[in-house]
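Dropping the structures in below, format is structure tokens.
Look at the two complexes coming up: chain A is in both, with chain B in one and chain C in the other.
Here is the complex of A and B:
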């Protein structure tokens, strides 16, 4: 049944259809105000699901889409799906609110912007609330496409187009891998339903396809979530308008990969590869991202690399959480804290990173630049933005009393805890995990400080700013203020989230453990003097020192390889592909019709002759043949004669006439064989096409003079003789072979009975084979429109550059 | 040399009318006798081409201001429409049916849903051929 839940998921798509109309017909009101209704209503609607998913609950609504093929649209809301749905609609609402003030209704193409944004929102909801892997994959690709469209929103800018294409190519490569991975999984488990697959996880674990499927799916998740070394698309995606960066490239879309990893954790957690890949790449991305962020001078660049780094951190926690699934029960299971931390940090990251992106947008909007070398001293001019920046950055740095401190502590805790784990070949190499985590956190602290202090303290350099700085309008500040309020609220009352969202989401990631009891997550500030606390103190101390002496040691960066390496690889790869495909294509696509005919005919002859003789279908049966009458003999001679004239004549008019003779002779054959319909059709077609030829030849250059010098091509003769032979042989075999009773008897019998028509040919055309005819007239229509657009819309000379 | 096509033009005026009539006859009669939308459409195009040859593009266009591209679209709508119409009777796409009806003057006639479909074929064929011929013919 089609329920409100299904409607809620496709509601953004419906809104996307309406947006251009609203933009066109109500230009006085900023289109964003209408759009804002959608995420707010959806957010409120999804809030009502909170009681349903508490504990291990879930809601399944099935809409039978094509029941005869067993294709259903199954909407599946559980803790994890609902968490994402709330994130998508909640942050979505704030971003839309923010964009109303960010995008000028007179200057910007709001219809494009909000259509793409709604497209994205719908795709993201569909992705997270679907039970079917193929549906998930489809929505996954739609998010990539809408991201592409939004990054290239200011498509006149070269860098926007470059960034858009880069993100599209990288995420599509991953998306394709994902599809293959899904197909592999389904080939083992026999179902595309996620719930069904999780039930059959033992079956998959025993299969040789387990590892390939896992690697392919991880490739998809890593490209989407901008994990090292695929992270290079995210900084370039910052060319998008800031609301888009805040929404897609920090809070939601890039977390689709995390969603997938979380969703499939029960399936793959048994494998040590899963643990090492997810945790390893997560930590590598964490440290690489934080190191890269420090050297950025663009506010959004810092935030982009910081997003890369934080995504790596969430993934590493999910990877470490996989260890929890090796236990039968939640009791004494220290590793569940990693999963709790991952989910908690996911929420926290959305709040503080969203507010920071919006803050960066405000700075850009009000001062005209995002370059921290030109910024400074804005604290007194923009006090509210400064507050937002301080709360957001300090939370990201992991300082109390904000929510980032809590999840950072839990992160350290889980990284320390995982070293005690006995499986996965942990050993002494496991010690590396907390060390990397800790080191990366120091650099995280450093770039958070850069973000705040380089922008807001120091000397104001007003002469370097394109605009006179002042505080943003209240409407623009509202969305980031709500987010930082959440940062503080979640900091002080984290446990309100636990039963409502975190534990249900954990239950989705660890379904079997959830059956054994409550996870008992309790988040609090004071951890006594534990390892985690000392780690945090160390981070703050060392981080402060590094930040203060940053100028002195930043030169050592020149020694290390940086992101240019990956960007160059990507660029070379693209260039290589372009060059290779150009070479390959220009080798065989010569632009000459006769060359194409050679390809087509050679392939036809080879394929047909091969299958004719290869399958032993060649047979000549003279039993059913009738003797040739004088009329037929004469007509055949005319046919051969006119085609010979056609070939050897040097006059264009003669060619047209002999072609006409050819066609009319065929029509006469139809008359002789008592096929009036065919004869009529052939006659009229011939008439019309002779006219067409005359019209066309009017435009042709005098090519016949040139033909006089044309050399004789033996290859062409061979091909044309072969084509003639092939057709003749097939014709003979067709009449000589009768494997099945002819279908014509059926048509003759039923034409009047079933379709009320005596003219069998017409009944076949419009009734028995109506679909064929429908497609034929469609092709006819397309062809004529093609001719029309080729001729009418062709560019004037010199314009096609 | 100056061409004189008085004879051609006079004959065409008369002949093309006959061809049109025959095309319509052949279209309606297609279900029982040789003919149908495809042949009818082609024959109509042939008559139009004859007009184009005897007179010129501009004259014919003024006499019959028809946008043939729209005609293709209308034809396709008829084609798809009869297909989709089947859904309202819970039958598969493009199911056709027929019945016998009594008309005041004409007497009993057979009416089929295929006629609507065939009309789609007719319009598309006329539209497509004429679009092509007109476009190429007008191109200088």
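Here is the complex of A and C:
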């Protein structure tokens, strides 16, 4: 049944249809104001689901989409799905609000922007609230497409197009892998339903397809979530308008991969590969992203790499959380904290990174540049933006009293905790995990400081700024202010989120553990002097030192490989593909119709002969054949003779006459084979055709001159003979085989009874198959119109009749 | 007779296709006409030859030949006439406008977009 829940999920798509109309007919009001209603209403609507999913609850509504293929649209709201739905609509509402001030209604094509944005929002909701893998996959690809459209929003810029294509290609490669992975899973478990698959997880774990499916799905998730080494698309995606970067490329779309990993954790967590791949790539991305972020000079570049790095961090926590599933109960299960931390950090990241992106957009908007080498000293000019930047960055750096501090502590805790885990071949190598996490956090701290202090303190270099800096209008500040307010609120009252969102989401990731009792998540500031606290203190101390001496460090960077390596690989890959496909295409797409005919007919011959002999259909049955009369033999010879003349003649008149002879012979064959109507028609038509050819010949003899220069072509003859032979073989097999009685008896019996006609062929044409004949007349009508207009048409210039 | 008719149909296909594969516009048009003759004969042959009287109920015969292929062929004859006349005029027109009587003279280059 189609319910309000389904409607809510597709509501953004409906809005996407309305946007261009609103833009066109109500141009005075910024289209964003209308669009804003959608995410606000949806956010409020999804809030009402909070009680339903508390504990281990969920809501399922099924709409049968393609029942015959077992593809249903099952809207499935559980803790994890609802968390994402709230993020998508909540951040979505703020981003739309922000964009109203960011995008000028007179200069920008708002209809495109909001259509794409709504398309994305709908796809993202569908992705996270679907129980069916095929539906999930479809929405997954729609998010890639809408991301492509939004990155290339300013499509006149070369870099926008490059970034858009890059993101599309990389995420599509992953998306394809994902589809294959899903099909593999479904081939083992026999269902595309996520709940069904999770129930059958033992079956999958025992299957040899377990590992390939896992690797393919991880490839999809890693490309989408910009994990090392696929992260290179995200910095280039920053060419998108800033609201898009804040929304798609930080808060929501890039978290689709995280969603997928979280969703499928119960399925794959038994495997050590899963743990090492997810945690390993997560941590690698974390440290690589934070190191790369320090080198950036563009505010959005820093934020892009920071997003890459933070996504890695969330993934590594989810990977570590897989350890929790090796226990039967939540009691004494220290590893669940990693999952809690992942979810908490996911929310926190959306709040502070969203506000920081909006801050970067404000700086760009008000000063005309995002280059930190030109910025500086904006603190007094833009105090509110400064406040936003300080709260956002300090939270990201993991400083108290903001929410980032809490999740960073939990991250350290889970990384320290995981070293005690005895499975997965942990051993001494496990000690690397907290060390990498800690090192990466130092660099995270450094780039957060760069973000704030390089932009807002120091000397104002007004002469280098394209515009005179001043504080942004209030409307533009509103959305980031709401987000930083959340940063502070979640910092002081983190436990308000726990029962409503975090624990239900954990229950979705660890469904079996959730049955055994409450996760008992309790987030608090003061941890006593634990390892985590010392790690944080170390991060702050070392980070501050590095930040202060950073200038001296920059020479060391030149030694390390940077992202150019991956970008070059991508570019070479792209060029290689282009070159190869150009070569292949220019080799076979010659532009000569003759060559294409040869392809078509060769393929036809191969296919027909293969099915003829491959299925053993070839048979000659001479039992019912009629003997050859002398008259028929003569006609056959005439037919062969006239066609041979046609084939080789160089005389135009001979060609026309032979064609006429051929046609009349066929008519005589019709007479012999008891087909009087055919013979009549053929005679009439042949007379008209010959007349037409002769007319053409009379009016325009030169066109026939080319016949004189005819050359014999052996390759053509080979193909022609092959086709002719195939036709003969099929004709022989067909005339000797009767698989079932012909339907003609019906026509013979009913021709007089039903239609009152004795000529059965005529009755079939005008009565039983009357519509065919009607359409045939239509075809003739179109042909005659074409003939008439081709003769009468005078083209402008170039021709004098 | 069915064997001979099948071979004849195949032969007409060969000739028609050979003509279609040449570059000359007129030969291509003639070829398509020959090809359709071949197809008609093939259809008629596949249904079985001379299995009864012509499908005219007034003859009061015991058996009649299959009327359905005849109806199909009749339609096909008319359509192929429409196509032949159209491409004939198209060829005529093409020659008049471009002066080309061979397909490769009609090729555009990749830069002509």
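What to note about this one:
Simple rule for what comes next: the second predicted complex is superposed on the first by the 638 of 801 C-alpha atoms of A that agree within 3 Å, B and C clash if a C-alpha of one lies under 4 Å from a C-alpha of the other, contacts with A are read in each partner's own complex, and residues count from 1 in each chain.
Quick note on the criterion: a residue touches a chain if its C-beta (ideal position, glycine included) is under 8 Å from a C-beta of that chain, and two chains touch if they have at least 3 such contacts.
Please read all numbers here as calculations on a predicted model, not as lab measurements.
Residue contacts after overlaying the shared chain place A:696 against chain B and chain C alike. In the superposition on chain A, contact is made by A:791 with both chain B and chain C. Judged by the touch definition given at the top, the superposed model places A:767 against chain B, while chain C stays out of reach.
In the superposition on chain A, contact of A:759 is made with both chain B and chain C. Legend: residue contacts after superposition of the two complexes on their common chain; A:783 is shown touching both chain B and chain C. With both structures placed on the common chain, the touch criterion links A:685 to chain B and to chain C. Of the two partner chains placed by superposition, only chain C is touched by A:719; chain B is not.
Here chain B and chain C are compared by how many residues of chain A each touches, and C touches more. Once the two complexes are laid over each other on the shared chain, residue contacts for A:69 go to neither chain B nor chain C.
When both complexes are overlaid on chain A, the residue A:623 reaches neither chain B nor chain C.
Overlap of the chain B and chain C contact sets on chain A: residues 676-677, 681, 685, 688, 692, 696, 699, 758-759, 761, 765, 773, 780, 783-784, 787, 791. Within the complex formed with chain A, the chain B residues making contact are 26, 30-39, 42-43, 45-46, 49, 53, 69, 72-73, 75-76, 79-80, 83, 93-94, 96, 98, 110, 112, 114, 117-118, 120-121, 124-125, 127-129, 131-133, 135-137, 139.
Of all residues in chain A, those touching chain B in their complex are 676-677, 680-681, 684-685, 687-688, 691-692, 695-696, 699, 755-759, 761-763, 765-767, 770-771, 773-774, 777-778, 780-781, 783-785, 787-788, 791-792. Of all residues in chain A, those touching chain C in their complex are 591-594, 597-598, 601, 620, 622, 624-628, 632-633, 636, 639-640, 643-644, 646-647, 652, 655, 659, 662-663, 666, 669-670, 673-678, 681-682, 685, 688-689, 692-693, 696, 699-700, 702-707, 710, 713, 716-717, 719-721, 723-732, 734-736, 742-744, 747-748, 751-752, 758-761, 764-765, 769, 772-773, 776, 779-780, 783-784, 786-787, 790-791, 793, 795, 798-799. Of all the residues in chain C, the ones that touch chain A in their complex are 1-15, 17-27, 30, 33-34, 37-38, 40-42, 44-58, 64-68, 70-71, 73-75, 77-79, 81-86, 88-93, 95-97, 101-104, 107-108.
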